[in-house]
Each structure stands twice: as structure tokens, then as C-alpha cells.
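As written, the chain order gives the labels A, B, C, D, E and F, with residue 1 at the start of each chain.
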Amino acid sequence: MSDANNNVRKIMHVMRHAPHGKIYTYEGLEMILIMAAYEQDLSVVFIGDGVFALKKGQETAGIGIKGFAKTFMALEGYDVEKLYADADSLAERGLTPDDLLVDVKVLDSYEIGALMNEQDVIIPH
Amino acid sequence: MLHTINKSPFENGTMLTCFRFLQPGDPVLFIEDGVYAVRSAGHYTSDIRDVLKTNPVYALLPDLDARGIDAVVEGVQSIDYDGFVELVEHHQVNSWL
Amino acid sequence: MNIGILLKEGPYNHQAADTAYKFAEAAIARGHRVDAIFLYNDGVLNVTRHMDPPQDDRHIASRWDELNKKHGVEVLACIAASKRRGINNDVIIEGGEITGLGTLTDIAIRTDRLVTFGD
Amino acid sequence: MSDANNNVRKIMHVMRHAPHGKIYTYEGLEMILIMAAYEQDLSVVFIGDGVFALKKGQETAGIGIKGFAKTFMALEGYDVEKLYADADSLAERGLTPDDLLVDVKVLDSYEIGALMNEQDVIIPH
Amino acid sequence: MLHTINKSPFENGTMLTCFRFLQPGDPVLFIEDGVYAVRSAGHYTSDIRDVLKTNPVYALLPDLDARGIDAVVEGVQSIDYDGFVELVEHHQVNSWL
Amino acid sequence: MNIGILLKEGPYNHQAADTAYKFAEAAIARGHRVDAIFLYNDGVLNVTRHMDPPQDDRHIASRWDELNKKHGVEVLACIAASKRRGINNDVIIEGGEITGLGTLTDIAIRTDRLVTFGD
């Protein structure tokens, strides 16, 4: 690791709630977009109902709440490329990567647990 | 008595608790994150089918749309806020929060 | 029909305030009277006039204000719940009012339905 | 039913959350105490983690939150005597009526469901 | 990594989700409504025992006291806020909310 | 050790604010520096100076104020989350400050631990 990287921290954002019923995913995404400007080693992992945040075809006009699912597609442009989804969470919800708006790396729970243990900071949303 | 359920059954026991107290004939309405229960071919299809044998089941269409759910278990009726009010015209309400 | 609404969660953080509003709108559109919206628990946070969401987002306090002004819906925040959470007459919207739980009891007695929204 | 009773409404309060982690049970109890003065037909039913609210031996000094479990014992003095607990909820949590601070009538879910259907108003806490 | 769990396992799937991601040796700390999981002879005793085979398990004593829980599954260690801080001195934190 | 705290829920409605406070107290007692408490989501509601709980109850906003004044803990509310929920400089406690999410990033970088409390 070069000296310049000594202050780069590994920060993982954990999305575990369904979108819209609670604001956590939306405000979590706002946080990630700001943090992206700080050149840290960011990752985002979708676990449990968090995977629903990425589902295609969300149309929020009827509930009167601003949609934000497509903002996940902007993450790549901000160099947030480490997006992971938990395989069991997807399977339990009958979802495959094709159902999702963005490319995520599907990992099993052991792999995600190992990634968690490498982090300097974990922020739950 | 109209029963409303607003929690995802994947993370929370509210739906299954409500089902234990349901009286035959009472309508059940899924709203907000509750609507994940009625996704067609989903994890809770057999629970929903069991309830449908004795009770009408509804889901709030704007909440289904917001969550990208375009197919629901057969027999579940999608309604708008207007239909929600119509159910309330005919029933007292038990909100399972 | 005379309908009362009990709202138990604050704005934006939970969908409850949005569902309650959409329900109230639809009830009025169907010709019902929405007698009152009673705010309890974090629900009292719905009536702060300092709310200032992004311009392209809904303004939840203004919605309640409008329901009060256009349709005579009483928008009532429980005083005990309000005091805990920093809601008082200095910060409340024009169409809102702080009151006691006795008022909720009156609403429960005089309305045909009391519908609760929360988390 | 006499004329005087025509305006008496059956109002059921449903306690379904554990105490202390969220304020719902505590503020629910405050609501019940006020409503008790209005001579309505009140009942309180404890379902799921709501039964934990009645557990003996709660000592909240350590978390710095005012305890309120003993206030349930005051309900009888306010003529709120219809207290029900769900049998399955107690059993699942390994609780018997002896573990509880107040006398409650233990009912099965069918009986509670039938009571719910008699109500004019149900208020969840 | 220290894992904290603050939800009752009776109503919410958080505890079982957390357990799937635990690495051997990582401490688990139950706080707030999470402490209902570790009641002695309770519904989740076998889950807690399974975790104890590979991971240290703690529960926040003030939260146990507040909820009238006077006996915990054997092997679960009761600690105060001071002990919570001590765990944080040795581990980064993963709060399962 | 230098510790940061992220608090995601409002006062009274959830225990999170109480646990975060007790944790901060204990960390200071053990000789650590509590660098900052960053308030996000409904957490921003912790710093309204209008809070007025019953006399025999804890005063959560005053606790944060005291941590700031006695121990130099920065008490920071996210500006975007605050605006949505009606928290601004007119209602904030003396020891609190409204700031951006960049500040949270700085805290995450400069502290040894970031501990989150919420629901």
C-alpha cells in the first residue's frame, strides 16, 4: 500500500430494509453519494429486504413519494463499483440478478461475512 | 373487521400473528411494505392461498407499483386508495402495526 | 360517514404519513367527512412548520395544513407526546392544534371509523 | 341496552410491542389512563412481545428510562378490568400468569379474534 | 468485528440474519429488545448455544434488568455499558439495525 | 481511543438515543475521546431545544448539550435530514450544529471506531 493510501478507509454500507416503507434506504443512498466524493474504499451490500431496493419496475407516482431506485444506477459514475448482494436473500425472495436494476456481485453469506471483517467502518441503513 | 398489514413478512412476524386472529370472512388488506407478501409465486404464496379459502385478500395497487410487483397470487384483489376507503365503509379497522 | 385518523409516525422517515394522507384524500373524494387527524407518538412531528424538504419532494406539513383549510379536517397533536418531542405553539403549522388525549377519546366516540396508520 | 349506554363504545387497545425498546407501550398506557375517565367500554389485549410489558421484576434504573410496568397495576383502580393475554404468545415466551404483574384473562387466539370483531374501535400500540 | 443485535427475535428476523454472516470468534452483543433472545430456558436457547460453540456471546445487563430477565443461557456473559466500550476497544462494530 | 457515534433515531420514541448516551458516558469514563455524535434520519430530532418532557423523566436534548459543553463532544445534525424534519438553527440546542454528510465522512476517517445506534 502506498503512503497516499494510508488514510483510505474501507467503509461498507449495509442495506437491509425494503424501500419506501421507511426512509433508510433512500437516505442511505444520499449518504453514499456524498461519501463517494471522498475517495474512500466504499462498498454497498444488500441483505434481506434490502435487495428489494434494486428491483426493476418500481413506479412510485401512486404513493406520492419520489422514486430513487434508478439513482443506484448512478453509483458506477461515482466510482462506487463494489456492490454485493446476498445469494440467500435473493433466493428467498425469488429474485435473480436479471430482476435487478444494476449489476451486483452475488456472494454467499460466508463471503459477505469475510468482507465485513475487513472493514474499518460498517454503516447500517 | 378489516385487517391491515404494513410489514414485510420476510423480516417481521406481523402477518403470521394477524392470521392467527382472523375470523372467517374478514377482509385482509396489505399496504406499504406488507405487499411483498402477495407476490405471485413468492415465498408466502401458500400462506396467502390458505387465507383466501376463508377470507378476501386485497393489496394496495400504488404500493405494489412502488415496489415493482406486477403479478400477485391469484385471488388477491388489487385496489386503489378509493377501494381502501370503500372497505372502511363496510368494516371497522384493525391495523396490525 | 364520519372518519377519524390516528397517525403514529413522523413524516418522511416512515410511509405512514403518506398513506394516511392518500387515504384522507380518497375518503373526502368519496364524499366522507374526515373529522380529525390525531397525531400521537412520533406522529406529532408532522405539524412543524419548519419542515423544508427538497423542492421536488412533497411537503408533508403543508398537506395537513391544506386538508385543514380546504376541508375543515382538524389536525391535532397530543400535548404530552408533543412536549417530549419539542413540538409547541411556536413551531406548529397554522392549521394544526395541540390538544389532550381526551380529544382523541371524543373523536373515537363521535366518528363512525377510527383508522390508524403507523409503523 | 339502556338509552344511557347508547354512546358507550367498545374500544380495544392492542399491545404488541416489547417495553422500553420503543415508546409505544408506555404512551399506549398513558392513552388508556386518560380514556378510562370517559366511561367507555375499554379492554386491553396483550399479544406477541406485548406480553413482556407485564413481566414482573422490570428494573429500569440502569437504562435511565422511567419504569412503568407497575402502572398497569393501577388500571383496575380506573375501572379498566378487561385485560386479556394471548395464550400462544405467553407459551412461546415461556411465561405463565404467575410471571405477570397483573391478573389477566388468558384467551386463545380464536377468542381474542372474536372479541376484536365486537369492537367499535381498535387502537394498536 | 463486534456484532450488536437490538431486536426481539420473537417479532423480527434480525438475529437469525446476523447469525448467517458471523465469522468464528466474533463477539455478539445483545442490547435493548435484543436481550429477550438470551433468556434462560427460552425459545431461542438452542440457537444461542449453537453460536456459543464458536463465538462469545454477551448481553447488556441494564437491558436485561429493565426487562425483568434474571437468568440467561449458560455461557452468555452479562456486561455493563463499560463492558460494551471495552468490546469496542478491541473490535470494529457491525450494528444490525 | 477516538470514538464517533452515529445515531439514527429520534428521542423517546426509541431506546437508541438512551443507549448511545450511556455508551458515550461510559466511553468517556474509560478515558476515551468521544469525538462527535452525528445525527442522521430521525436522529436529527435529538437536538431541538423545545423538548419539554415530564419533570421526573430524562431530558434527552440537555444530555447532548452537556456532553458537548463538558466533554467537547461535537453534536452534529445532518442538514438534509434536518430540513426534511423541521430542524434548523432557530430550534437547535446551543451545543448542537447543523452540518453536511461530508463531516460524517471526515469522522469516519479520523476516528478509530464509528458505532451506530438506531432501530
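Brief remarks on what is shown
Throughout what follows, a residue touches a chain if its C-beta (ideal position, glycine included) is under 8 Å from a C-beta of that chain, and two chains touch if they have at least 3 such contacts.
Predicted model, so just to flag it, every value in this text is computed and none were measured.
The chains in contact with chain D as well as with chain E are B, F.
Most remote chain with respect to chain D, judged by CA-atom centres, is A. Set against the Cα centre of chain C, the chain with the most distant centre is E. Our note on geometry: chain A versus chain B, Cα centroid distance of 28 Å, whole angstroms. Our note on geometry: chain C versus chain E, Cα centroid distance of 38 Å, whole angstroms.
Separation between the centroids of chain B and chain C, computed from CA atoms only, is 24 Å.
Looking at chain E, one finds that residues 6, 10-11, 13, 32-33, 62, 80, 92-93, 95, 97 touch two or more other chains.
Residue positions of chain D with contacts to 2 or more other chains are 20-23, 48, 63, 65, 120-122, 124.
Contact with two or more other chains is made by residues 8, 12-13, 15, 19, 22, 41, 57, 80, 114, 116, 118-119 of chain F. Chains touching one another form the pairs A-B, A-C, A-E, A-F, B-C, B-D, B-E, C-D, C-F, D-E, D-F, E-F.
Considering their complex, residues 17-22, 48-49, 52, 55-63, 65, 67, 69, 92-94 of chain A touch chain B. For chain F in complex with chain D, the touching residues are 12-15, 18-19, 21-22, 56-58, 119.
Against chain C, the residues of chain D that register as touching in their complex are 7, 9, 11, 23-24, 27, 30-31, 34-35, 37-38, 40, 120-124. The touching residues of chain F, when paired with chain C in their complex, are 10-13, 41-42, 45, 48-54, 57, 61, 80, 83-88, 90-91.
Across the complex, chain D is touched by residues 1, 13, 17, 20-23, 26, 92-97 of chain B.
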